[in-house]
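Chain lettering (A, B, C and D) follows the sequence in which the chains are written, and residue indices restart at 1 in each chain.
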C-alpha cells in the first residue's frame, strides 16, 4: 500500500466519522414536513450533511473493460460489456466484433440490475423463479435481467462504485468475464 | 464555520489532491482496449482512482421539501415537489393536498432534467424552441420537461448533489417554490 | 327518412324510457355499489349523488412514512417507501440513505398494486404463479409487483384511503415495515 | 459560388446520371438494386448474391472514441460519445468524468439518427422545424435527436460504416468533437 493510499484511507475514515456525527445530530427529526412540530433551534444555522459517495471513473471503467475484453479473447468469445456508475447510469460500453446484437441491451440491463440491488444478477434470479419470493421482479425498473453476468464493482476499499454487465455466451462464461472486470479493480 | 466542518473541508481537499495525482499518472493511457499497445509497467500494481462525489442525503431532501412546502403554503399553492439525487434517481417526493395529479410526473421529470444537464430547466427550454439549437431535446431520456420549475441543488460548498422539481401552478410560481428548496440547502 | 327508420327511432326511444324506469326501481338499480347510502325519493328531480371518497392526506402520508422510517431504522434496514392515494397516484416517497436504487420503482409499484386490487401484494402473488388463476398479471398496468411489501392503507373506520409499498430487504422485512406504516394510521 | 463548390455540383450531377443509367439497365428485372453485379444466365441454379457491407470494427470505434476524447480534453470539455455500427446498433460508448447524465441518451440517439438517415443530425434538424417537410420526425424510431453532434462515419474509401454521436456542451462543440472522431477514420 502506497503512502498516498494510506493517507486517502485515513482522510476517508475521518470524513466518515465526521459525517456520522453530523447525521446523528438531527436523527430524531422528522423525515417529512410536519406542521407545527417545533424546529430544532440549531437547525436554521446549518444544513444537514450530504452523503460522500465513491463513483467509478472513466479510467477505472477502461481498466474493467480491458480486463473483460482480454478474458473474453482468451476464451475465444465475443462479448458485449457494459459499465454503469454508482447511480446506475451508463459509463462505458463495448461490443466485440461478432458479438450478439441482442446482448447490447442485456449487458446494460445486467449491469444496472447488479447496481440496483448491489448483488450479482444471478443471486436475484434464484429468488425470482416461480414460487420464489421475488417472482417476476423483472417487470420493474423498465426491465431487469436476473441471470448471471452482472456484478457490482467495488474499489480496493470494498465500496460499491458501479457495476459491470456481460452478455454474449453461456451465463457461466458471461459471469467469468464479468468477474475478470471486477477483479481488475479490486486490487 | 464549525471545527468539524473545517476538518471535513481539509480532509476533502487532501483527497481531491491525492485523487488528482492518481488521475494524472495514467492520463496518457487509452480509454478503450487497444491490442498490442504496451501497458504502463506501473499499471498492474494499482487500480486507478474512483471519483469522489457528494450526494443528497435524506435529511437534506427533507429540509428541501419542507422549505418548498412552507413556501407553497405561504403563497396559497398546492404543489408536487420531487428531489432526485446526484445520479438522477428519486430520493423523496410529496404531493400537497389538492395538487394536480398531472404534476407528479412533471415534478419528477423537472428534477431529473435539472440534474441531467446541471442547469435550471427553464434555461434548456429557451434553447429547445423551434429554430433553437436544442429543438425537441424533450424526446430524449424518456421525456424531459424544459420549462421552469427544476433546479440543481448544491451543498454549501457549491457542489451539485441533486436537483428539485416543482409543478402545480404557473411556471413562475413553480420556479419560486423550487428556489426556496435550493436556498434551504445553500446556507 | 324511411318508415322503417322512423320505427327504429321510436323503438329506441321506448327502450330508453323503459330502461330509465328499470334503473329507478331499486332492485335492478345500481350499476355500482352504494353501501347503505339512503336513496332520495325525489331522485329524478336532482343530479345523482357523487361518491364520497376518503383519501389519504399529506399529513397521514407523513405519519405513515415516519412510522416506516422508524421501523426500518430499528431493524437496521435502509428502505424505499412509497405512499399512493385512493386513485393509485403517488402521494409521497422517501429513499433512506443507502437503500437500493432498484427499490424506488418496486416500492412505488407495490403501493400501486396494493391499491389497484385492494389487497396485500403477496396475496396477488399467490394467484399469479404458473398455473394460477392470475398467471402473469404482472404484465398489466405498466408492470405490477406481486410479492410482499405492498399493503392497502385504511383509516380508523376501515375504509381504504391509499396504499403503502416498501422495498429494500427481504420480502418479510419489506412487509413488516409496510405493516408499521399501516398500523400508524389505523388507530 | 466557389470553384470547388461548382466542381462538387458537377460531380454530383455526373454520379446521379451514371447511377440512373446503372439502375435503368436492369430495371424490368430486379425488385431490389444489384449495382453492377453481373447476372448469371443460369440464375435459377444458384443463390443470388448477398450484399457486402462494410461495418465499423471495435478497433475503429476505439480509434474514433480516442480521437473524440482527446479533442474534448483539449477543449476542456466533458463529453458523452457513442459509436453505432452500420446496423445502427451501439458498438462502443464512453462518458467522460463529469459529463452530463442526460447526454448518455442524447449521444446514443444522435449516433443512431445520423446512421438512420446517413447524414449529419443537424441537417435533419433543419427539415424538422415547424412548417418543414420532416416536422416532428423526432417522434419516430423511439426518439430521434436532430440537432448537431451526430455524424456518419466513413472508411477511407468513403463508405458509411456507422456513426458517432457526441453530447455534453453546445451543439457547435458537440459537432466539433464528433468531427474529430470521423476524421480519425477517414485517413
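Methods note: contacts are C-beta pairs under 8 Å (C-beta built on N, C-alpha and C of every residue); 3 or more make two chains touch, one makes a residue touch a chain.
Just so you know, these numbers come straight off a predicted model, no measurement behind them.
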Reference interface A-D: repeating pair among B-C, A-C or A-B with over half of contacts shared: B-C
Length of the line joining the C-alpha centres of subunit B and subunit D, rounded to whole Å: 33
Geometric centre distance via CA averages, subunit C-subunit A, whole Å: 34
Distance between the centres, which are taken as Cα means, of subunit B and subunit A, whole angstrom: 19
Residue numbers of subunit C (touch at least two other chains): 58, 61, 92, 94, 97, 101
Category of the chain touch graph - line, ring, star, complete, other: other
Contacting residues of subunit D [partner subunit B, same complex]: 58-59, 61-62, 65-66, 69, 92, 94, 97, 100-103, 105-106, 109, 125, 128-130, 136, 138-139, 143-148, 170-171
For the subunit B and subunit A complex, residues of the former touching the latter: 2, 4-5, 7-8, 11-12, 14-15, 18-19, 21-23, 26, 29-33, 46-60, 62-63, 65-66, 69-70, 85-89, 92, 94, 155-156, 159, 161, 184-187
For the subunit C and subunit B complex, residues of the former touching the latter: 57-58, 61, 85, 87, 89-97, 101, 104
Sites on subunit B touched by subunit D in the complex: 30-35, 51, 87-88, 113, 115-118, 130-131, 133-137, 139-142, 144
